[in-house]
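Okay, so chain A shows up in both of these, paired with chain B first and chain C after.
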Partner chain A sequence: MISIPGIEFFTTLIFYIIIFLIITLSYNLAYGYSGIPDFGRAMAAGAGGFLCGYLPGRLMAYILGIRGDYLSNVYVIVDKVNMTLESNPPLSMGLLILTLILGACAGGLIGLLASLPILRGMRIFYLGVTLLAFQVGFNTIMYHYRPILRGELGVPIPDPFRWLMHYRILGLSPGITRSFGLIAAAGIVLLIIAYYCISVGRSPLGRVLKAIRDDEVAAATLGRDIRRIYIKVMVVSYAITGIAGALYAFYQGYVVGLHFDKIDWTFWPIAMVILGGLANNRGTFLGTITFIVLRRLIIFYKSDLEFILPFSPIWLESLLLGVILILLLIYRPRGLLPERPEIPLSREEIEGIRRKVGA
Partner chain B sequence: MISLLVANSIIFANIIALMAISATLALSRTNVPNFAVATFGTIGIYISFTCIKLLGLGLYQSLIFCFIGGGIVGIIVYQLLIKPLRNRGATREEIMIATLGLDILLIALLNIYADYLTRNFKLMARDFTLSAYDFTVAGLSGAFIMSTITFITIMISLHLIFTRTSVGIAMKAIGEDPLLAECQGINTERLCVITWFIAGALPAVAGGFIPIYWISNPNISLYIVVSVFASCVLGGFTTIYDAALGGYIIGISQTLFISHLADIVGSWILSYGFFIALLIMIITVFTFPRGLYGLPWNRIIERLRIQFYRGGEG
Partner chain C sequence: MSKGALAALLLIIFVAGIGAGYALNMIAPVGGSAKGLTGEVKIGVLVDLSGALTTYGEDIKAAYEVAEEDVNAFLEQAGSKWRIKLIYEDTASSPDVALKKFESLLGRGIKIMLGPMMSPQCASLRSSAQSNDVLLISPSATAVTLSIPNDNLFRFCAVDDLQGPAIASTIYSSGIGYVISVFISNEWGVGLNTSVTEKFISLGGKVLKYIPWSPDTIEFSPVVESINSAIQDAKQNGISLDKIGVFIAAYRQILPIFVAASKYPDLSKVRWFGTDGTVMIPELVDPKGHPTETSFAASVKFTSTMYKIPKTRAYEHVKRKVLEKLGREPTIYAYGAYDSVWVVALSLAAVNEYDSMKVKKVLPIVAANYYGATGNILLNKNGDLAKADYSLWRPVKVGGKMKWEEVGVYYCSTDSVEWKEGYKP
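This part shows the complex of A and B:
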């Protein structure tokens, strides 16, 4: 008997799609447009998410005048904070926006640190290696170092959407109403980010990035400071990913150093961007939605798959990821929607200019 | 005699050095950054586990099977992954992502294999050690003696292959310039296969030593890979000697230094073991990015000699 997904499945699905679209759009900016092989994306998402576990609770405790050790009484304090937030929607939203902005700052800071090797004129291959290693180090610190997130135990996060539970829309359960709130907030962020990324892709800046990707030396001879542009791209793209990480942490309501691992937050986004097509934002949408739907379906039908597959369905996801990445790179390296040549002016305009010049 | 700590750190250094040699060979001879090198080691762990538990072989006989099995895996990876990518004209970044995908795929397959062993043969195929099969001679563990002998044998044979045989010299030529080598009538295809046989076999042999003193599971490569790449970066990704030296420096400092530090500041620091490797890697990248290979050795030796003579006169 095959189970049919309920509404919770769809709210989760939509939320994941939004979160990963934010990440893949920013990844496309770094890898697709600028050609930086950036394998440290999980650090950026982690910076946002871990900041979410660190800052809002402490800040609210400070505002409410709760003294004493935060981490040892974290459940009591977060409960009190949640009660305040529940009765005060504007404060909740203010906290959410502040945390998202700070999450972006944290992501940007990590991006700046991660791009320091570029400043040293490092070979681009070394950058990949160092970023992978940095990422393992970053997660290990978060998982073992207690004063930040209680190490292996993790910390709960204040919930800025609890006030929504008082409203009943169409007789849905309070949890679903809260999810709608989160989806709305994440959707607004996605709209801003998508607008930004798409306009960068169309603007002269996007063409500069592509030029650098295609030939560094040629772009440098035209007076572009390559390293500075690389660093700017890294900072902006990491900052965007930081926002996604913070949103995800709010969604989970809990954060441990094990969240934001490299498979989910670095390699899956890479596969999504490559499937869709590098340097093509429409393709990024397509790739992300395809893979997220696939992954959520696998998770949902895990118990049914148990009987069909000769092995445990836990490994199906990483098996698929590996196979898909390899097959894509061998047979379809440019993705489903390949990058199209950018024509800054339409044909009529060029004809018009030609006529005006009189050539 | 050598203390247990030093012996263990040398075992670790041997393992890391063999893997670093493999990664360096793959990059310098065939221009493939192989991120799956530590997982090739995990394949070695499971080949040796299978040989011992199912076929009833001894610990060190199974190393031969590790060598052959790892080599075959290397050839398969070359034929099915690297060759098609090369023929398509993939960039180095794309090959990097492909080997990362390979790493994820291999870890999943090893996990499935471990499940299979557990279910069908009622074996504990996760979190096991094989230290019970080891022997001791004069207070020294067999793993120490055997891993050192293996390492030295492999180093000497690689040195002889690369300096004395035409195959090795041709391999060097391919590393320098594949097109030019082909013009000279070198069969690039065959040599790449041989290189990948070595690049698969060395980490698998190193992997055969891992379960003797570590608790092993299919995901253990996550904890080794940073040290391996730190050794390669320190070595400079160019010659096998620098890679081996880098592996020794990283392996020994990571184990010895961290345990001495744990005596001073407390045992909590043991979880951060590979930070030593990470630190060395960062320092290398920022101060001498071409690694040990790129250091001006002639000038350093000259300066040391001058210092030495001055010291002698004064």
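This part shows the complex of A and C:
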């Protein structure tokens, strides 16, 4: 019998779409528009997520007057913090907003540090591999250095959405109401980020980024400070991804250095952007939604296919996604919605100008 | 069709799919109608079928399968309109994978899950389980840090605040006054190190060195080198080797550790003590397939603890059935796993609806009045097994054949170790 998805399937699906849209939009800004080959994206998400594991719990413990070693008693302390947050929605929302802002700052700071090699003259071509190495080092430190997240043990995170569990929407369970709250918060963040990224794409700045991507030397001859622009893009793009990392950490309620690995947080977002089409925000939306929906459906239905598959369905997800990506690169190498030439003015506007000048 | 229209169409299909899925979900919830169970009642299973806990995972899965058959046969006899259906996910002995598999099961609307097996996995799921009203019943997560009242995690196994004293008393009663504590740096290993060493010190012993290692370690030579260097230091300080013990909290990593340790002569002259993570590992009693590991384990009288359960009728039934399935006797956690399926099924029958929080309320009462493969299951306020004695197991040669033999028992009520005849230190 074929399984039917529960409401949790859809809340998880929508949340993942939102989180990865935030990441792919920011990645598109760095790679699609600016041509920065960034293999360190997981580091930016990790900066936000790990900050979420470090700061809100300690801050709330301090506010509540809970003293003693935070990490030794982290479960008990976070449970106490959650009880306070549950009865105080304004405090919960304040904590959420503060953490997201600081998550963006942490991501931006990591972006600045990661782009230092550009300042020292490293060619952009080599930056990708350097960032991959940075990311592995960053995660290794987070996974093994105890004072931040208890090293290999990880830490629970206070839940700023728990107060929503007192409400029931359409008779749904309190957990679902909480998920709706998370989705709403992440959705608002996505709207702001999408507006920003689309605006940049349509603005003169977007065309400058594309010009730099297509020919650094030509753009430099027109007076553009290429390195400075690269660094700005890296900082902004990483800051956006940092917010996504923080939101994801709140969603999971627990964080350890193993989270935000390079497969899920660097390579899959790259695949999503390539699937949709580079330097095309509509393509990024389409690629991300298609990829996430496909992935979640494969995960959901794989056990139903157990009886007809000649191998364990555990491997189905990686196999199918790999095959789809290979086929896509063969038949549509520029993605589902390829980049189109930028026309700043519509044909009618150009015609109007022509008539006005009498040409 | 233009690309924009295509994208819009896809989006409409997607939104329509969400609506349809939700509507269908309302018609057919995971356990039948809102009140009164009917059809298949799905229970998720998070079990390690790959990675460091594979041996235990296979045993536990086999026990779940036996329990599923037994429960469904019982429900059929009782004329019930519902059956349980276990949905398995391999958590690959990893907290990160466990979280993803948890999400996958939750996406199916499953709110009652058996597992996960490891303490770090339980730690990673705990918050999500709490937020989504998911009930977790672990057969083998023993970390002390997870003993928290009123959360959604039940553990049908003895936790490490019981096991730690058992190990420490075993070491001390073996005439060991100095111990080197070697432990995997995860929720379980760190907690066990604390409870073992604190008790050992309170008994009058001394800890020579603490040697944690990262869970992702593959090459164990540096760990073994550290143990050896601690022993050499102790020798230089005039401590004799028969007074030194090595306590090791590991899973299957014990195999490469023993291979590496066999190269150091002094390491086979001190006594080694393991935990529930190393007990019954088949490779340690397999001289043909693993001669180095087997011979080292025998030479150091490698003694591991495992909580002791009464040999009930259900115990014998599970043992026989798992033996038929896997060709080997299951480890102790398999019996708790078997019981967890029964207790969940009986609790579901009691509340007669698929409501994980109602099941949570009645589960401790059902468990206390149930007598299964592990006897009565008395849970404390943290949802963990309230008390437990421990069997002491060791690989020994019996009748020319290596096997895991029970060489003693630790009694928690008297805090004392009773060695069996022929195995007294």
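Operating definition for what follows: the second predicted complex is superposed on the first by the 323 of 359 C-alpha atoms of A that agree within 3 Å, B and C clash if a C-alpha of one lies under 4 Å from a C-alpha of the other, contacts with A are read in each partner's own complex, and residues count from 1 in each chain.
Everything that follows uses one rule, which is that a contact is a pair of C-beta atoms (placed from the backbone, for glycine too) under 8 Å apart; a residue touches a chain by one contact, two chains touch by 3 or more.
Worth saying up front: this structure is predicted, and the values here are computed from it rather than measured.
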Report for A:His144: first if it touches chain B alone, second if chain C alone, otherwise both or neither. both
Regarding the shared-chain residue A:Gly187, is it in contact with chain B (first), chain C (second), both, or neither? neither
Looking at the overlay, does A:Phe9 come into contact with chain B only (first), chain C only (second), both, or neither? second
Of the two partner chains, chain B (first) and chain C (second), which one does A:Gln252 touch, if any: first, second, both, or neither? second
A:Pro89 contacts which: chain B (first), chain C (second), both, neither? neither
For A:Leu132 in the superposed arrangement: first (chain B), second (chain C), both or neither? first
Intersection of chain A interface sets (partners chain B, chain C): 144, 314
Would you mind writing out the residues of chain A in touch with chain C in their complex? 1, 3-10, 12-14, 75-76, 79, 143-144, 151-154, 156-157, 159, 161-162, 165, 173-175, 178-179, 252-254, 256, 258-259, 261, 282, 285-286, 289-290, 293, 296, 299-300, 303, 314, 336-337
Under the stated contact criterion, what part of chain C meets chain A in this complex? 3-4, 7, 10-11, 14, 18, 21-22, 24-25, 28-30, 40, 87-90, 94-96, 99, 103-104, 106-110, 120, 123-128, 130-134, 145-146, 148, 151, 185-187, 190, 214-216
Per the contact definition, I'd like the list of chain A residues that touch chain B in the complex. 35, 37, 39, 116-117, 120-126, 128-130, 132-134, 136-137, 140-141, 144, 263, 267, 270-271, 274, 311-312, 314-315, 318-319, 321-326, 329-330, 333
Spell out the part of chain B that touches chain A in their complex, as residue ranges. 33, 35, 81, 84-85, 88, 90, 92-94, 96-98, 100-109, 111-112, 115-116, 222, 225-226, 229-230, 232-233, 268, 271-272, 274-275, 277-278, 281-282, 285-286, 289
